[in-house]
Amino acid sequence: MAEPALALKGLAKSFGALKVTDGVDLSIAPGELHALIGPNGAGKTTLVHQISGTLRPDSGAILFGGTDITHLPPQKRARAGLARTFQITSTIASLSALENVALGVQAHSAHPLSFFRDAARDEALNAPAWEALEAVGLTERAHAPAGSLSHGEKRALEIAMALTLKPKLILLDEPLAGVGHEEGERLIALLKSLKGRFAMLLVEHDMSAVFALADRVTVLVYGGVIASGEPAAVRADPAVRQAYLGEEV
Amino acid sequence: MTTSLLIVQLLNGLQFGILLFLVAAGLTLVFGVMDFINLAHGVQYMLGAYLAVTFVGLTGSFMLGLALALAAALLLGLVLEFLVFRHLYEREHLDQVLATFGLILLFNQAVKMIWGAAPLSVPVPEFLSGNVRLMDGILYPVYRFALIGAGLGVGALLWFVVEKTRTGMLLRAGASNAPMVSALGIDIRKLFMIVFAFGTMLAGFAGAMAAPILSVEPGMGDTVLILAFVVIVVGGIGSIRGAFVGALIVGLVDTLGRSFMNDLLRLFMAPASARATGAALSSMLIYLVMAAVLFVRPEGLLPAKGRS
Amino acid sequence: MSAVTTSAAIARPALPAARRLAPLVILGLLALLPLATALGLPAHWLTLVTRAMIFAVAALSLDLILGVGGLVSFGHAAFIGIGAYGAGILITEGQTELLVALPAILLVCAAFAAVTGYVSLRTRGVAFIMITLAFGQMAFYFAQALSAYGGDDGLTLYEKSTLLGREIFANRTGFYYIALGTLAFCYWLARRLVASRFGRVLRAARENAVRVTVTGYDVDHVRLGAYVISGMMAGLSGFLLANQTDFVSPAFMSWQRSGELIFMVVLGGVGSLHGAIVGALAFLIAEDVLSAWTQNWKAIFGPLIVLFVLFTQGGIAGLMTKLRGRRDG
């Protein structure tokens, strides 16, 4: 069998006495869309931070395509093809949407930091950037400053930026949070169209989206995994129903 | 002979370190609590010294003059807070740096216009004059001992306030997490006024206490300010304990470096080149120490808890 | 395929004319100034504006890291000092050749920037400001201790640098145009740099360093690169300054000088590059006028800075934009 795109082995992290990640084991196959759900404060975003490298775990290991990346800085993980979006949208507000995406293209080009040549007129950067914008349906807004985009458009822009990193895995931290119904539908359709091209770890509260998209689901409560498997099986799991008591599953 | 010189220089270093601590303590709290960079803090030190010159001259009493100088320095500090600093807390560091830099230009020049450009001094008070005989052939001025004592006393008081009182608890909490404190419903502006007044008093006190042993001149605050920055960076921003340790390190390294670097280099250099190299090296020493500390611990030696 | 057609259909909006023309107008007016002296403007102005253009090079270099990179460096005068002392020491030792001095100066500046920048960039915000200030002071005290080269009193130069033996700095108008040419070249260089891939990452990191990091860039490396380039450019300005004043002293790298450089950049408008040129010109001319009027000019200048910070945002360039916006709106 092929190496999993991502494997977490006994990952643990504490803030003082608070265990935010409590021995998490998780495996995502190449091309799989894996959803991570759990009540507020379950440690989902903290887990994403550890996988992307912006937070150091206390113990345990992170394997990316079979390689141990536990101690790799975030920029090296990104260059290896690990992309992410943020719970609170994170773009470069003053740069145009196109330039935001081109920034990602540039990171994986032969000369990511060359001097002198005008980057804004560089077709080697712009052509792939246009393609990524096209894939998320943002071509109309290409020259608008990222800061002026609507919330849903910023979410789409973040996904476009992730696409340019030649990703093997994209971490999506609540891509639907704060997005209106219509834009939400569009984003779900977008994620569906991207399925299979790379693995995705989707952190999401919107259960209908999770069950419409996910191949497998993992449930995190108080930093620990309480269930993991096919969506239908997880939905039927009594422990999960217990944790989500009162919430619609 | 070298031993006696070493003891005297150790005491000088200690005394210099204490002076730096008094200036740095207020600065580090202001940085920690408000993330506000106040270059004009050194002005407060300078004003303390000049006001001491004036009030000791007017009253003829050191203690009375000191008290009046402190009160006046505090008043001036509060006026500045009201007129200028208050409007800068929410601004970028760049704006804070620039506006307080403008204040330094103003006050250095104003001091020149009021008191003249020539160095002034305050006579050592009668009851603290004379020397203490430490051992055979080693005399050390009583006043410098008094300064060390007063500095340690203020340090202890500060420690008590910060570690043992409710205000101190809020200060420490504010230094590590200001948004959290304001979320608790504490008026962060009022808290900052207290911090600021405190820091201002300490810097003014340091300036007034230094007046009898250092020359009082325009710009005297600038040198101390930059050294206080080094102290804070070495000790860890927002940390009183860090400021204390940092101040002693800087005071001792600078004083000892200046007096013994030549002798040290002369062991393996010709006297002339030892003198030249020694002068250059000893004046750079504390900055090299700072760089070394940062290299190993970018957050300083004793960073305030909870600060990342 | 369709991507290409859409990209052609959705054209990039052009820069506003004012933004494109401002640098050309500024440099053009500077090029014409010597004509005005021929028509009766006091010759003193030629010297003053030469000096202002030399400082504009330094302010421009500071704007690269402060405005474009978002790093408030308070020790930038150290690089001017290194450039000036480099020229001064070499001239004193009998080496006047520019082609020897300049590479040496640029190398030393790059090395100083690389080492101090590496340490400083380990910190952020307030600590970065304090550390760059401290390193600036270190250079200042080092120069003060250089007793072989004048120490605290400074070093008077009895010759100027030469190019292949020719005395290119001897003529005042000639010097003026060398300073202008250097400024224009540095401006062009900085513009290209900001627009390049490197510059794009530097700009992006100022706004959102975390995003740039998870996109695959080592932000500290990029910032250090900018810091080194900026230091070299400031060193170049120091080299010219020593040749203009025939004198170098530790005061060239005093921390007040670093503060003044920051003010020049902010005065003209942070990050716009040509704003730094305007800021430097305005600052040096104001300093000249005020100090001719009263020796206590700093007591006027200080409050002016305070008021400027409290009541304007975005410097002269920002003020212009605001005024234009009011007229348009």
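Annotations for the structure displayed:
All chains are identified by letter, namely A, B and C, in their written order; residue positions are counted from 1 within each chain.
What we mean here is this: a contact is a pair of C-beta atoms (placed from the backbone, for glycine too) under 8 Å apart; a residue touches a chain by one contact, two chains touch by 3 or more.
Note that this is a predicted model, so its numbers are computed, not measured.
Touching subunit B and subunit C at once is no chain at all.
Summarising the inter-chain layout, the chain whose CA centre lies farthest from the centre of subunit B is A.
Comparing per-chain C-alpha centres with the mean over every protein C-alpha atom, the closest match is chain C.
One inter-chain figure worth recording: subunit B and subunit C are separated by 32 Å, centre to centre, where each centre is the mean of the chain's CA atoms.
Spacing of subunit A relative to subunit C, judged by their CA centroids, is 42 angstrom. Taking the mean of the C-alpha atoms as each chain's centre, subunit A and subunit B sit 49 Å apart. Those residues of subunit B in touch with two or more other chains do not exist in this structure. Interface of subunit B with subunit C (complex): residues 31, 35, 37, 39, 84, 87-88, 91, 93-95, 97-99, 101-110, 112-113, 222, 226, 229-230, 232-233, 237, 276, 279-280, 283-284, 287-288, 290-291, 294-295, 298-299. Per the touch definition, subunit A reaches subunit C in the complex via residues 52-54, 73-79, 83-84, 86, 90-95, 99, 102-104, 106-109, 111-120, 122, 125-127, 130-131, 133-134, 139-140, 142-143, 161, 165. On the side of subunit C, the complex with subunit A involves touching residues 2-4, 6-7, 10-13, 192-193, 195-201, 203-204, 207-208, 210-219, 222, 225.
Residues of subunit C touching subunit B in their complex: 66, 72, 74, 116, 119-120, 122-123, 125-127, 129-131, 133-135, 137-138, 141-142, 144-148, 255-256, 259, 262-263, 266, 270, 296, 298-299, 301-306, 308-310.
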